[in-house]
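Reviewing the structure listed below.
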Amino acid sequence: MEFLVRFETSQPATMSVDERERLRVIERERAMELRAAGILIKLWRLPGKRGGIGLWEAPDATALHDALASLPMFPWTENTVEALATHPQEKK
Amino acid sequence: MEFLVRFETSQPATMSVDERERLRVIERERAMELRAAGILIKLWRLPGKRGGIGLWEAPDATALHDALASLPMFPWTENTVEALATHPQEKK
Amino acid sequence: MEFLVRFETSQPATMSVDERERLRVIERERAMELRAAGILIKLWRLPGKRGGIGLWEAPDATALHDALASLPMFPWTENTVEALATHPQEKK
Amino acid sequence: MEFLVRFETSQPATMSVDERERLRVIERERAMELRAAGILIKLWRLPGKRGGIGLWEAPDATALHDALASLPMFPWTENTVEALATHPQEKK
Amino acid sequence: MEFLVRFETSQPATMSVDERERLRVIERERAMELRAAGILIKLWRLPGKRGGIGLWEAPDATALHDALASLPMFPWTENTVEALATHPQEKK
Amino acid sequence: MEFLVRFETSQPATMSVDERERLRVIERERAMELRAAGILIKLWRLPGKRGGIGLWEAPDATALHDALASLPMFPWTENTVEALATHPQEKK
Amino acid sequence: MEFLVRFETSQPATMSVDERERLRVIERERAMELRAAGILIKLWRLPGKRGGIGLWEAPDATALHDALASLPMFPWTENTVEALATHPQEKK
Amino acid sequence: MEFLVRFETSQPATMSVDERERLRVIERERAMELRAAGILIKLWRLPGKRGGIGLWEAPDATALHDALASLPMFPWTENTVEALATHPQEKK
Amino acid sequence: MEFLVRFETSQPATMSVDERERLRVIERERAMELRAAGILIKLWRLPGKRGGIGLWEAPDATALHDALASLPMFPWTENTVEALATHPQEKK
Amino acid sequence: MEFLVRFETSQPATMSVDERERLRVIERERAMELRAAGILIKLWRLPGKRGGIGLWEAPDATALHDALASLPMFPWTENTVEALATHPQEKK
């Protein structure tokens, strides 16, 4: 089942540049694992924003939450999830 | 997988009392079938509203949409769906 | 360039069943042409809604508008468009 | 009488990991007491969120408030309460 | 238990003056019955609006809904209900 | 003239427990004076919230503001005021 | 006491040009009476809108409502009222 | 002085195709006059919408309103106006 | 040209009482200068709020911004500006 | 392709006056480079706000994001982007 996840990150002003960079690297690593597992399908950036939109595939909302919460930047991320149904035009 | 569905109905002023009653009866019949099938779990009314909240269980969002769209009053219903994940306290 | 388009359709209560069916058929035909042209990439349905979300690809917003306005149901459709940027993780 | 309670928690960035874990444990303990007392019926997590939705049963809004305020994480929780009426289809 | 009910009425433009007056009279009669029964406590008008705010007392949300739905103008009324808890300062 | 005042308090996380308790006590004392003066008529708590709704009576909005601003917790309170008119059904 | 009233008018498409003009004339006449009575202080138009903002003076919200409801276009007007308090800088 | 005007048009479903075309033509003619007069500077279409954004220049809000209200489609147009100030970087 | 400016102030909790008082005094002094210059016409307080509504007169939005930004409390003030047009009833 | 970008800046209260001035200078320098490159077309200030509206031209949303993110104040700026299509009246 597919989900559309809108996300916005907001790290505290007190976080050091080093910590930000460290987080960016491990965030990317975890995202790559989730892509390899077929859970994270695609990410887009929304122009001008510190966030974007992701297309995810998971058996259910519990598995989706576990994937989102496994990202290192989860504590600083505001997610909005929409469950997606197959459109009739997409059905074979 | 569980879904929380907020619904609000708004039938046109031009609909006759008979048609309204006919719709109410077949709506209830279809809802009973969906309950028997284990898809519609529970309905609540929101006080003062022409609508309410339903707890649904379906394999995915496509199956949920098919169930909601099978209700006779679907053309006059505004649904808002939220995918629900299992809360850690509910896990055995 | 990619665009995410949220759409909601609301045909007037006075439209006949035949007219609705005719519109559905020619809407699908036009959508298939836009898919073949590589402009309409994918559609999802939002469960419980008379609408959904589409992923589109067009050279710019003018070409996107022309594609959206060429759909037979455009006069009864409310679209919300978001321009999408490539996410750093998607860059080769 | 049933109530639907949407909640979102937001602990301050300055709270230590130990304090967070201590709070999680006593929050769960208090929740278990409220379940045993038949006040807290069920919790769901909203995917991607630090919060969720709960179904509560209490004699009135005052008793519900006392239950919600007895949770250790109440000072960091934003609750939105909706009073639920019995749906005609649920009546025996 | 007390409830605060915000209401806004919007009768269709096609309703005759006579029908409006007839509705106003029987609405007032029903409201008087609900006052006598101790369910409707007080009404206020919001200046400039076709509606207002009411303070109601009912055993639970189901009884409140039944009272609100028994008003002749219910089909043309948009209600928003808030459950009220006793404030600590009001406790004896 | 009556006013409905919705209020929400949000004290800073850095405020000590002692200071909170001291504020609660003098807030109550001032509220009691405003009740004795016939300005504060009734308070309700909104379940699950750090705030509620108050019914106030004051000659005009300036006198209402002076009363609200005289409460010790005013600097940490967000108020929303609605002017109330007498409902025709309440007129003798 | 002063009130700020935001208003937006929306006459039905079926109203004839003659009826619109007749309403405009008697609306203006009634407004002039309310100005002469010191109740309507000033009107502004919001550019591009079918409505605007008015400054009113009335003993209380009930008198304000009676004045607003006495305008011939009241049935087609959406009003939003704010009670105004005297600013400290305006006090003598 | 410059103004940014967001507009959305919504003609009634009952308007004939001929009337729509006639309106489109005279709307364009009036817009061209306003361009020639230096009042309408530029129009953009928002993709997927029946409306867009315009940049206008007028001595004040009254002159802007007169220009907007002189457009034949004004009765079916919802405008939102923002007054624009010169940005420091644009000052010579 | 007239402008309606809604403002809300929110000084940081860390600001000392002395600094607050100093700001209040110089804010008032600057406001008096703007009144003397015919730019600030009138201020109202919104009851229960740390802010209010002002009526301003300035040649254009740039001059209005310069006046608003010249107030000592500008860095802690959230302004919302509406351009006002002359209402037909106010024209001589 | 053109984009309309609404922006609002909010620097932390703890930032020194010197740092603010340094940022303002390098922000302006970078903006001038983007103007020279034909990417930033025009900026307007919204009166009373710490922000405004910009008209940008970029090949696509990715190039726009890169330009916006290259501004030194990007970490303290909230941007809202709208893709603009050519209006039929602007076409040659």
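Labels for the chains are A, B, C, D, E, F, G, H, I and J, by order of writing; each one numbers its residues from 1.
Here is the rule we use: contacts are C-beta pairs under 8 Å (C-beta built on N, C-alpha and C of every residue); 3 or more make two chains touch, one makes a residue touch a chain.
Remember, predicted model here, so these are calculated numbers, not experimental data.
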Same or different contact residues where subunit I meets its copy subunit G, judged by the half mark: same
Maximum centroid distance from subunit J, chain identifier (CA atoms): E
Option reproducing the contacts of A-C, where over half of them reappear, out of F-G, D-F or B-D: B-D
Rotation angle superposing subunit B onto its copy subunit D by C-alpha atoms, nearest 5 degrees: 180
Distance between the centres, which are taken as Cα means, of subunit H and subunit E, whole angstrom: 43
Subunit D and subunit E, separation of their C-alpha mean positions in angstrom: 30
Where subunit F touches two or more other chains, by residue: 2-3, 45-47, 61-62, 64-65, 81, 83-86
Chain-to-chain touches, reported pairwise for every pair that qualifies: A-B, A-C, A-D, A-J, B-C, B-D, B-E, C-H, C-J, D-E, D-F, E-F, E-G, F-G, F-I, G-H, G-I, H-I, H-J, I-J
Partner subunit G, residues of subunit H touching it in the complex: 3, 5, 7, 12, 14, 61-62, 64-65, 68-69, 79-81
Residue ranges of subunit G touching subunit F (in the complex, touch as defined): 1-3, 60-62, 64-65, 81, 83-86
Touching residues (chain side subunit H, partner subunit C) in the complex: 13, 45-49
Subunit I to subunit G touching residues, read off their complex: 2, 4, 28, 31-32, 42-47, 52-53, 82-90
